[in-house]
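Next up: some structures, all given as structure tokens.
In what comes next, chain A is part of two complexes: it sits with chain B in the first one and with chain C in the second one.
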Partner chain A sequence: MTRGIPDVRATEGRAPDVFSRDGWVPMRSHRDGEDVDFAIVGTGAGGGVMAAKLAEAGFSVVAFDAGPFFRPLADFASEEREQDKLYWTDERISDGRDPIELGSNNSGRAVGGSTVHFQMVALRFRPEWFLARSALGYGRDWPVDWREMWRAYDEVEDALKIAGPVRYPWGPRRGRYPYRPHEVNASGLVLARGAEALGVGWAPCPIATLSAPRGRAPPCVYRGFCKIGCSTNAKQSILNTYIPRALAAGAEVRDLAMVARIETDASGRATGLHYHRGGEWRFQQTRNVVVAGYSIETPRLLLNSAGPAHRHGLANAEGLVGRELMVHVNDAVWGTMEDEIRWYKGPPSMAVTEHWNYEDRKDFHGGYAIMSQGPLPTDFATSMVGNLGAFGMDLRRRMAGYNHMAGLKIVGEVMPDPENRVTLSDETDALGLPVPRITFGYGENDRAIGRHARGFMSEMLRAAGATDLFETTGTAHLMGGCPMGFSPQDSVVDADGRAWSCDNLWICDGSVMPTGGGVNPSLTIMANSARIGHRIRALAARGELARAA
Partner chain B sequence: MRPRVPSERSRRAVALTALASVGLVAGAAWVSRRRPPRRRPEGSRAARQVRQGAALLAGSVLADSTMEHYRGGFHNRTMFVAPVSSGLALVSALAPGMMTRRARQAVNAGAVGAGLAGHLFHLRNVLRRPGALSWESMFYAAPLGAPGAMTLAGLAGLAATRLETGQPRGAEALRAGRIGSLGTVAGLLGTTAEVALLHFRGAFHNPMMFAPVILPPLAALAVADAARRPDRARLRLARILLRATAAMGLAGAAFHAWGVHRNMGGWRNWRQNLQVAPPLPAPPSFTGVALAGLGAAHLLEEARR
Partner chain C sequence: MTDAPRPYPGYDVLAKWDTPSWDAITREVVAHRLDRVPERRFFEPAEWETLAALCDTVLPQPDRERPIPLAPFVDAAMAEDRTTGTRWAALPTMREAWRRGLAAIDAEARAVYGRRFHALPADARESLLRAIDDEDVRAPEWRDLPPRRLFRHVLANEIVRIYYAHPDAWSEIGFGGPASPRGYVRLSANRRDAWEADLERPKRRSERRK
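On to the complex of A and B.
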């Protein structure tokens, strides 16, 4: 498959075998008119896990994704521009005080979702963050006990065979990571030296790529193309972990199937999905809908699904859908080392310090994790053009030093703010669907985090021997938009991921996160989805899938 | 309900590995049976076994250190010492006629010294890294235990030169057998420690990876017990476990060959994968130690007569 229009692959009873170059695995198929138990929108971190969990629990499941079904061994090139095919690059309007950049830094579009191109950093939330408001005095509480989340973390870490340090230096004791840590690359050792010089802890970063063989997947070869899609299958994305599991357990996956609207009846219950696939509009009947399109597409789909009982959009009685959208502060400091570093070697972030996540003596709320960096050339050049206005000879000179560069970047917590939100604009896309508008502005605390972090990272880099330091700013990841909470007045869904105002609608992706935490979100999204999967099974066993009656 | 996870290990893989290891073990047995009895004047049976052990150990160190130090780009001159020293020890064990006895003693004493120095060099490398004596360094810095194999090779070589002057008898055989057993026990346990660390690094992803951390310590126990009280039953048990360990060392090479195949590109990409996959020459060092141990057992047997 090259650029241009990819073809539908998961159809007629078979789906791509992701561990082969051109093979297939059998797939159970359902007719549109068949009333399936669950129709899932999105097959990323949240949706992919859910598809596997529900299928393994014996439900009939159809999972839709707007993106293609790739076979990494054959479809992924070692070329940055070619791999743009992994990103969600449809038109979106971005405004507000600090409009966020959208696309390659926060949204994917493929079976497997954004995990197909994520950078594999697999960190857990600090336990106190689940009680951010009551224990730490900021943001919101999660309606979930941290121990329940930690059990779910265990489960997904094992499913992804996370390679992590033998002993993790922060937080309560955790079980051993399923695989051992990778050898930290030179870029990670710069972080380590800086941390040791400043007297803060550091660790090999727990990452979702294999440090030993697993089934048909080889261990990582450290070529560093992770962010544009790993072509060896060493990376443990949803595409090569939970999706094969879901298919084996009897789920159907429909690739290149864009869901436009959820149909509801007069009582307000969901009855099916309108979706576009193979050039035509179709309708899938279903008993339950799970939405997992991530923080922009999930609110967009709900807002676009008004019905007789949901005048302002599905599950939007209180006007909360789309609100409290969060990003992560992604500011960075870069410098030149005397030694050759060749930071592109290996996964981009192989060392981490969570010092400022677990240290509470600081003058801002929330926290941040610092990670070593290894951007690919085009990525790095782009960020220098954007941030420094470097161009021409200046850019060339800077890029000539590429192999001696080192950098540190944060994932910094952003406070939930109702004014940061997703709404529908008046414009429409090629399918005639309203284009989403994303309004975003940093708050004072968010800026304080960025300032603090840039100062601290500069100190670290200097202590590690870097010179010619410069800073860049930016955002990463998306969280929130359909927060999970305690009552219909404060949230869109309850602790089970079930919409307060529609009892057969569930959400299990990044959009339900009430707070963003100071770590990359995907592990938390997966754990939360696995947890919700267990809850749905328990509810079904008790005959409580329909709340009313 | 048990989740139906797609099979992690292909049946073909298991079958092939099993076949390969059975073949290797059977082959080894066949070769050793068909070998015409060597009645060379210089060699008692114990001496021969100990020298074979020394040869295997030296060969294993030669191949392993050459590969690993090549991977490290020989960035430090002293990294040449390991292959050179183990190479000389190998020659002295395989072709003793090529060197005078004096030279052989010197070469093997040199290997012992180089091995001990190697520990220090590797320790220095570990301590220089951020994290110093952390798991990360133990996994990926210069391996602290590895040079021990060269020390063992040198010791076995020295023992072989000592024994070639004629089989000791009576009390002297007992003493020699006990010293040899001690060396065997130390060698088995040291090698096991190294393997345990590296197989832990590999997360014991294949259950067979437990074999070399279980069997050799059992053999070491049996050897120690037999050295303490060399009666018939104890010696028999020690021999059985040593033979099993020797066979396991060879089978290990086959398993590691399978490991090469499980890396990206498999054997087609051998130039890369021989370096990153489990080292082919490493497991036979168990065979080397076990052979030397069989020599020691023979001495103990001799003392009983």
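On to the complex of A and C.
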């Protein structure tokens, strides 16, 4: 690593100006002993949105992130190995029948969270998925009406100026996307040809990168390194959308601040956060705590926060914290095209078909979206090593076909299973905190989705003219671990994101998702967080919330 | 052993070094990679011999006068304890997995061929790794180590990530390489921008960066 991770930047009344190479913006600062309205743990898709929503509602807010505060223009290189600095690379133990890859696969560590490296795919849940159990017969119902979520999707799609088609082919009719769609690259048009040959719909993928200038951010230049951090700010991540909003509204952001434990009093209410920053342990007092560390760090923090009234970990009276961890099936099929595709040009997934999310005549529960692909060299090479055992001249020959490759990959729904979970191991990390153990195994329905999708994608690719097909398997994303539900017996938090057993503790990240759906989760996490932000504001207006003096 | 692929002879991704396709931090990072190959700090000399032979088997480079350095960057990652974020439950911590893995490969070579791994000819090294990947092992050093998991997801994974992060590997596969801030305009099949190399027709090797 040459540049690597910057030191603490957001301090002494200023924070990095993410639209500049070395500039600053003013930042309101609080002392540790000062009671604030909200302390937020994590600044990604959940916490970043929440910081802006609460600060804009007039609350005093301090948002903590374990990762650094990057300025994309100066800090992000066009080089995969250097950009490993975006990921949560502390070792976590991956266990179970089908252990999942962590790190770069699903875990960011930066102000802005995993949205700094997300692929920008911005799809909504199908409305029926919010009643998966009662309407479709699997998984869980969400304690939220789909129309409330759809209003929140409108809000976050506008906040990110999602570029997408005028008329999206699936789901209820709705307005056009805020920005016009991008031209679909050659890789996306392979998906289009395959979909048309098989008689299923396709669309330019709605994505969170600008198709026209916006403020100080330029439109996308199609450089194709989106997944390792956008160096031009065209990508609309939390880092360059909600974080600047939060700062402007008076939130304080503390970078490189690892929250270890939530302190609670004898009555069980949260009183503050123990965190490590600048080489020392500190304690921030607060009236309310919002946790948004994602599906591993959120359960880890709660389980590590036992107190006099929470003997088995915070909000864990029913032993549900850490359970029902979900991923997405991320199986793919790849092939060689006669044409030169050069799939590295443009965002990696520019075309999508949600056919199998909206078609119910099938022999498995849940659904999947198929997206076109454009992996960078080491990403593609390691997937051939891991899946095919390719090495030696065989691997070099396969990689020599890089510019003629095309691929299709799914985001496939995984059923919630209480045995898939996050626990604390008896090992400790460099700060003395328990190392999390992640236990995961696919169920029969999950495997059926992978089989169905690989078969269907093979047909699509053949119909599009691809030869020498091969398959890979894998997982993407994290969801669940602290599900939102209807009662203290079935869930960790209620529909407002409020912990059943601690009334000044909230969770607003992907861990509260009761089901995973067949689409990338970031837009749903943001929408749900914005919705919870509105709920907190309504509770405060009714006087049902603790406020700082 | 089959021949090395050369689909784009004469293409050099570094020809774009002084153009708007390479920004300052990318130049800095890649220059560092090219100019400052780390010294051995972590592995013992005997481990290093096995590591170098392992790298040369996972990605053989008989076609290159100056092979892409691989073992030095593996060693640097260990010295800096640069972990990936995943510790497979069946494996020990990263450093121990590498140390025990190299020892097991060396022991396997002695068990099968009666010689150390780095002393074997290339084809024997390759078939030994193939057998390890098939979990067909006999050396007692494997004990509880799962050979395929270790080989694919730890050892080969890291070596391959180092190789394909090097500009010579980008040139080999015709990857356009860094493209910030200029990016691309023409995204459709068989089309290229004026500043993209014409990869299909051999060209004279352009002058490398100064």
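Note that the second predicted complex is superposed on the first by the 540 of 549 C-alpha atoms of A that agree within 3 Å, B and C clash if a C-alpha of one lies under 4 Å from a C-alpha of the other, contacts with A are read in each partner's own complex, and residues count from 1 in each chain.
Operating definition for what follows: a residue touches a chain if its C-beta (ideal position, glycine included) is under 8 Å from a C-beta of that chain, and two chains touch if they have at least 3 such contacts.
This is a predicted model, so every value here is computed, not measured.
Student: Could you classify chain B and chain C on chain A, in the superposed arrangement, as clash or fit?
Tutor: With chain A aligned, chain B clears chain C, so fit.
Student: What is the contact status of A:Val221 with respect to chain B (first) and chain C (second): first, second, both, or neither?
Tutor: Both partners, chain B and chain C.
Student: Going by the contact rule set out at the top, does A:Pro377 touch chain B (first), chain C (second), both, or neither?
Tutor: Once the two structures are laid over each other on A, A:Pro377 reaches chain C alone.
Student: According to the stated criteria, A:Gly346 is in contact with first (chain B), second (chain C), both, or neither; which is it?
Tutor: In the superposition, A:Gly346 touches chain C alone.
Student: So, A:Pro6: does it touch chain B (first), chain C (second), both, or neither?
Tutor: In the superposed model, A:Pro6 contacts neither chain B nor chain C.
Student: Using C-alpha centres only, what angle sits at chain A with arms pointing to chain B and chain C? Round to the nearest 10 degrees.
Tutor: Apex at chain A; the opening toward chain B and chain C is 90 degrees.
Student: Please work out whether A:Pro213 is in contact with chain B alone, chain C alone, both, or neither, and reply first, second, both or neither.
Tutor: first
Student: In the superposed model, does chain B or chain C contact more residues of chain A?
Tutor: With both complexes superposed on chain A, more residues of chain A are touched by C.
Student: Of the partners chain B and chain C, which touch A:Gly465 in the superposed model: first, second, both, neither?
Tutor: So A:Gly465 meets neither chain B nor chain C here.
Student: Mind working out whether A:Pro434 is in touch with chain B, chain C, both or neither, as first, second, both or neither?
Tutor: neither
Student: Now for A:Val166: first (chain B), second (chain C), both, or neither, which partner does it touch?
Tutor: Only chain B; A:Val166 stays clear of chain C.
Student: Quick one: is A:Ala249 in contact with chain B, with chain C, with both, or with neither? Answer first, second, both or neither.
Tutor: first
Student: Please state the minimum Cα-Cα separation between chain B and chain C in the superposed model, rounded to the nearest whole Å.
Tutor: 6
Student: Across the two complexes, find the residues of chain A that touch chain B and also touch chain C.
Tutor: Comparing the two interfaces on chain A, one with chain B and one with chain C, the shared residues are 183-184, 189, 221, 232.
Student: With touch defined as at the start, can you tell me which chain B residues reach chain A in the complex?
Tutor: Residue positions touching the partner: 1, 3-10, 129-131, 135-136, 139-140, 200-203, 205, 259, 262-264, 272, 276.
Student: With touch defined as at the start, can you tell me which chain C residues reach chain A in the complex?
Tutor: 1-5, 7, 22-26, 28-30, 32-33, 57-60, 80, 82-89, 93-94, 126, 129, 133, 148, 152-153, 156-157, 160-165, 169-170, 172-185, 187-190, 192, 199-200
Student: Would you mind writing out the residues of chain A in touch with chain B in their complex?
Tutor: So the residues of chain A in touch with chain B come to 52, 56-58, 161, 165-167, 178-181, 183-184, 189, 192-193, 195-196, 202, 204, 211-216, 218-219, 221, 232, 234, 244-245, 248-249.
Student: Which residues of chain A touch chain C once you look at their complex with the stated criterion?
Tutor: Chain A reaches chain C through residues 1-3, 74-82, 84, 87-96, 99, 101-105, 107, 183-186, 189, 220-225, 231-232, 337, 339-342, 344-346, 377-378, 381-382, 385-386, 389, 391-397, 399-403, 437.
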